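Chains here go by letter, A, B, C and D, matching the order in which they are written, and residues are numbered from 1 within each.
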Amino acid sequence: MADAGNSAAIAEAFADGPAYVPYLAVGDPDYESSKAYVEALDRGGADIIELGLPFSEPIAEGSTIQGALVRALEAGMTPDRFFAFAEEVDVEAPLVCMTYYNLIYQYGSESGPRPFVERAAAAGIEGLVVPDLPAEEADPLREACDEFGLDLVFIVAPTTVGDRLDRIMSRVSGYVYVQARLGTTGARDDVSDQTTQSLDRLREYDVPKAVGFGISAGEHAERIVAGGADGIIVGSALVDIVAEGVEEDRSTAEVADRLEALSRELKEGAERGYAARAEAAESTATEPR
Amino acid sequence: MADAGNSAAIAEAFADGPAYVPYLAVGDPDYESSKAYVEALDRGGADIIELGLPFSEPIAEGSTIQGALVRALEAGMTPDRFFAFAEEVDVEAPLVCMTYYNLIYQYGSESGPRPFVERAAAAGIEGLVVPDLPAEEADPLREACDEFGLDLVFIVAPTTVGDRLDRIMSRVSGYVYVQARLGTTGARDDVSDQTTQSLDRLREYDVPKAVGFGISAGEHAERIVAGGADGIIVGSALVDIVAEGVEEDRSTAEVADRLEALSRELKEGAERGYAARAEAAESTATEPR
Amino acid sequence: MSETDTPTTDETERRRRPGRERGRDDGKFGRYGGQYVPEALMPAIEELTDAYERYVLGNEDGFIEEFRERLADFGGRPTPLQRADRLSERYDTEVFLKREDLLHGGAHKLNNALGQVLLAKYMGKERIIAETGAGQHGTATAMAAAHLDMPCTIYMGERDINRQRPNVFRMKLNGSEVKPVTAGRGTLKEAISETMRDWAATVEDTHYVIGSIVGPHPFPVMVRDFQAVISEEARAQSIEKAGGLPTDVVACAGGGSNTMGAFADFVDDESVALHAVEAGGSTLEVDEEAGVAPNSASLYTGDEGVLHGARTKLLQDSDGQIMESHSISSGLDYAGVGPELAYLVDEGRVNPVAVDDDAALEGFHRLSRTEGIIPALETAHALGFLEEHHEDLGERVVVNVSGRGDKDLDAAIEETDKRDIDEAPDMSMFTGGI
Amino acid sequence: MSETDTPTTDETERRRRPGRERGRDDGKFGRYGGQYVPEALMPAIEELTDAYERYVLGNEDGFIEEFRERLADFGGRPTPLQRADRLSERYDTEVFLKREDLLHGGAHKLNNALGQVLLAKYMGKERIIAETGAGQHGTATAMAAAHLDMPCTIYMGERDINRQRPNVFRMKLNGSEVKPVTAGRGTLKEAISETMRDWAATVEDTHYVIGSIVGPHPFPVMVRDFQAVISEEARAQSIEKAGGLPTDVVACAGGGSNTMGAFADFVDDESVALHAVEAGGSTLEVDEEAGVAPNSASLYTGDEGVLHGARTKLLQDSDGQIMESHSISSGLDYAGVGPELAYLVDEGRVNPVAVDDDAALEGFHRLSRTEGIIPALETAHALGFLEEHHEDLGERVVVNVSGRGDKDLDAAIEETDKRDIDEAPDMSMFTGGI
């Protein structure tokens, strides 16, 4: 699996055991706190960290993440400050930038995605997720990523099948972001059947599968990984902690602690799920029928 | 001239000298004051008194008289109270009822104008003026008037010429109401050329010509009678005094005095005009050239 | 265009049938009609009668062609005859809507206003006056006057002005002067008197555009003839679309102009039942003492009398004083009705019906919700009739949608708030008005 | 009917000319267009593309006939092409008005809403959603949904809801649910995101009716094809009425649906100049710092970028963040524009122009006063262009009157109050609103 991508660090993250992939919007609610929060994720066991670069029209996000992006924008987040953040933040996990295509396209003086990717690479970003960029329009970005050694992650939905799935999977690298259910991001309490079906559908593709959308607790993480996921992506549940911190006027340290704690719970859940899966696989292997 | 009509008293009013024909709305602002006011007109020299029986939609009236009719209606005036008023009021001048056709048409149980005219005659009314009844529609009322000995007065406008004039003049009795100008009732300050032309046009018809609409002072009256009118009809200028009395909260006696005074002025003006005309006629007669 | 063009010869013939000729010669509809106006207005009325005969009946100088062309291009005619799918299903009969709500200005009123302002131009008049109550006729007249470049003054009661500010603004935007009438209660009645007063003083250069088939001859026939385009189109459309004449035509009636407009071309088709739906208000009982009829059902409950220049059916007390009428819809709130309708009701040709405020409001919500057309509250009475009487109707019913309801949103909120109406939306955010 | 019926063969042929085919196959207009949407929406968009090709292009199951019939009967098509006598005189050129203001609902928006709701029905969808800013697209969609008996939810920013209560009430009367969007500033942008969010979760049974020629393929071509009826009629009417093609076609442009609707059938007529008039707002200068463009002239001043699913011209800062746009008319107040217009501007086929708030407001008053038509403030920009550029135009100019101004009375009062406008009426009684 690991050699499917450009980024060794990302491949590494999936190499032994499930990857816990948390997401936060950079600059939410301000630059410094945001740094503390991202570092807390790292301490909490993140294998990869997705950093949201806020765009003014985040059509793919649920209201939780939309709120985070608005806060970050209002606090002055820009692509350049984002890159500075990536350079400054003190974490071990590889960083993936999640943003919308217009910001990538407009960056720098030259038109097209290349300047953005070049700068991202320089800032130590290992991969990109662009929720409004379809595979059909992705070739220029794909090329730039290959040139600068970044992975390009795509999202597949429960409804992504047949040709579309092939088209996406032929362009993906690093990992595929498996959308757990229809709808946009937002923390929910159950685990969807759609997830299982998606994972089944993706079995034949040789790239790590990270499931996201709606994961909010260790137990969910466990079930999803037990169901076959190579990693879990968690956004809204973490952003909720930041939002609550703003509302309740909590200290940065307290919010960071909570983020770290939830991260630990999720990571442990994922590991439990992984262990369960391994066990099940072993028992099937030893007791064939 | 005098034998053109049904009512001897009306004929009499024009018999020697110009007729001063004042108008008030009956019941304005209340039954008792109204009686005092009408009696004041009589004392002031009225030769005929036009009593307005208020109708809810007085389309031919200016805003002054419209106001009077609204006050009278609000104080409870009805056709039956109107007739009672005519019976009770203590005046020498003959009474003419001015009202709209719907009230005449609806009166009594039998449909048509006859019951109204019968009742009017019983109350001592000598004539009727119905501003919204055209000559073409007047035959039933004309018949009833003839049956009960009332005159039926018609209004001719400055624009009434040719066939229309003939049609009206063939139905008129008592006197013809010469509208001094276009527009509806309301006191004005000048004397219109249209008046002179109307009087010229009417010269050939053998019925007294009373000019109304806008006469407000003795001097006007004088000029109009000098110009050939057999009488003057004054409404708004008198109603203004009543309205002012209401506004200024004057006593009934004071308002009555003012009505009497203006009446006297108008009557004297008319007489001066008559004298001037007689003089002019004499001088033309004695100095033919 | 095809609807009005195709049956041209037919139409010319139809325009000579008794129903279309009625009243044209002498302004009489049996005992009703006439010219009960002050003598000062007679010359104007005679001049207008003459002009009506020459231009409207005689098509002198191509008046009719110009009128039709302007109605098409400026007004948006023909208006569709639309099958109402869900009402048809609900009542198990074919229901068609004649869409006068799509006419420029949002109601049938423009048919008449444009005709009269154009006629005034042919007559060489230089100024237009009109009265208005709720403002529908005033806005239609102001539009027509702007279109034809005629100065225009609209009289409107002061109280109505305060209740209908958007319409006042629309008239002013179109360049009309809106003169407040402060006399009396400051409503339609007083505005009519004031307009007559203006006309009496200015007849020579001014035309008074009356807003319905009321008033002295030639207004009732002339307004009917201008509005008859509704039934001319509807008749041809019904034949073309539905394969035959309607069994029933339903229209609301205030003064009755959309009513006679929708009926005119069917009057001689004896198989077609004609239903004039009046405002039943809150009740048909009257309060003689206060001179108030809490309805405006003059055809259904009124007596013969003379009002605003014509003999017709009226709401009046036993003395003959005109009663104050009432309706949820200001356009139906009038104590009289066109003399032609009074006649046709006496003859048994037109079926007069009263629909009360509640049923009208339900009709308003029903059409809005099920057909995507928000009707005027006036029109809503015709829809209330459909709900109450559909079992008595034939298999092909045409309802005249005389106007759109945008003007009535405030009234609808206020009135819906007082009632419990199934088909109304959740009104909570609108309590207290828009 | 005759206008659309007569040139049928021509029309079929014209619908195959390059200008009409553009974008149909792959959703690309040169570098513009595309499908920049979250993967979850892709199946819906592919399903819609397929349905568009089958029903709209292929006329499967007689979709086109039903669409045209409903547009005629329910919508009131054809709308007239009216000669504007006084504007023609003023500018010494023939000015014709394409009267989309007469369409049911009062704007061109219904052409598209009815087409899409009908298509959703053909696709077997059971639910309609739409976003709305000022409420024009929302009311059109609510009407179409009621007419076709489809449950409908409209997303609207909370702030817009409070500014546009009459439109909210109209949608509710038509049975639609209006869902307030509280995120962000509570305006159109947030409503679009929220509607996309709903769609992403409900694609299987729900169709999202986009309100202009924006968004991912197939929306830009599909909305254009539904709106193209404007130019199909106008072209035939101009030939019939004025004896030839227009020299110029003028339309305002927000997203650009009335614009492409008015242009579509003329794009291949090289002699016809096409003018897209954008809102110049208070100035064309932008405030980079605040991320605010006090205009919405994305064609005239914008740069290429990706917004709401398509690559097009945008108002954005140097980072690529979308700017807040501004205009006196809420319907033009959008930072993007249809990709097809962006392409046609780059090709030099369409002339982009900006008209500022002042000139638009003057245009609003001018048309109201001189022609008796109160235009939407959006349309008023096209009229402002006429005043400023009439000397550069040919002898036969068609202006698309995209909507009526009844919805804008409050805004007109507020904005007129701040200025000194010759053609405005005395506003004293309206200060402070209606």
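Just so it is clear, a residue touches a chain if its C-beta (ideal position, glycine included) is under 8 Å from a C-beta of that chain, and two chains touch if they have at least 3 such contacts.
Just so it is clear, the model here is predicted, and its values are computed rather than measured.
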Practice task
Please identify each chain that touches chain A as well as chain C.
Solution key: D
Practice task
Report back the single chain whose CA centre is most distant from the CA centre of chain C.
Solution key: A
Practice task
Calculate how many whole Å lie between the centre of chain A and the centre of chain D, each centre taken as the average of the chain's C-alpha atoms.
Solution key: 38
Practice task
Compute the distance, rounded to whole Å, between the mean C-alpha positions of chain A and chain B.
Solution key: 98
Completion exercise
Rounded to the nearest Å, the gap between Cα centres of chain C and chain D is 34
Problem - Where chain A touches two or more other chains, by residue - result: none
Exercise for the section: Two or more other chains in contact with one residue: find those residues in chain C. Expected result: none
Exercise for the section: Pick one for the touching-chains graph, please: line, ring, star, complete, other. Expected result: line
Exercise for the section: Give every touching pair of chains, nothing left out. Expected result: A-D, B-C, C-D
Exercise for the section: Under the touch definition given earlier, write down the residues of chain B that touch chain C in their complex. Expected result: 55-63, 66-67, 70, 73, 78-79, 100-107, 111, 131-134, 136-137, 154-160, 164, 168, 179, 182-184
Completion exercise
Contacts from chain D onto chain C in the complex sit at residues 1-3, 5, 72-74, 76, 79-83, 85-86, 99, 101-104, 106, 142-147, 149, 165-166, 168-170, 172-175, 365, 368-374, 405-406, 409, 412-413, 425-426, 429-430, 434
Problem - Touching residues (chain side chain C, partner chain B) in the complex - result: 34-40, 42-43, 46, 183-184, 189, 192-194, 196-197, 200-203, 291, 303-309, 314, 316, 318-322
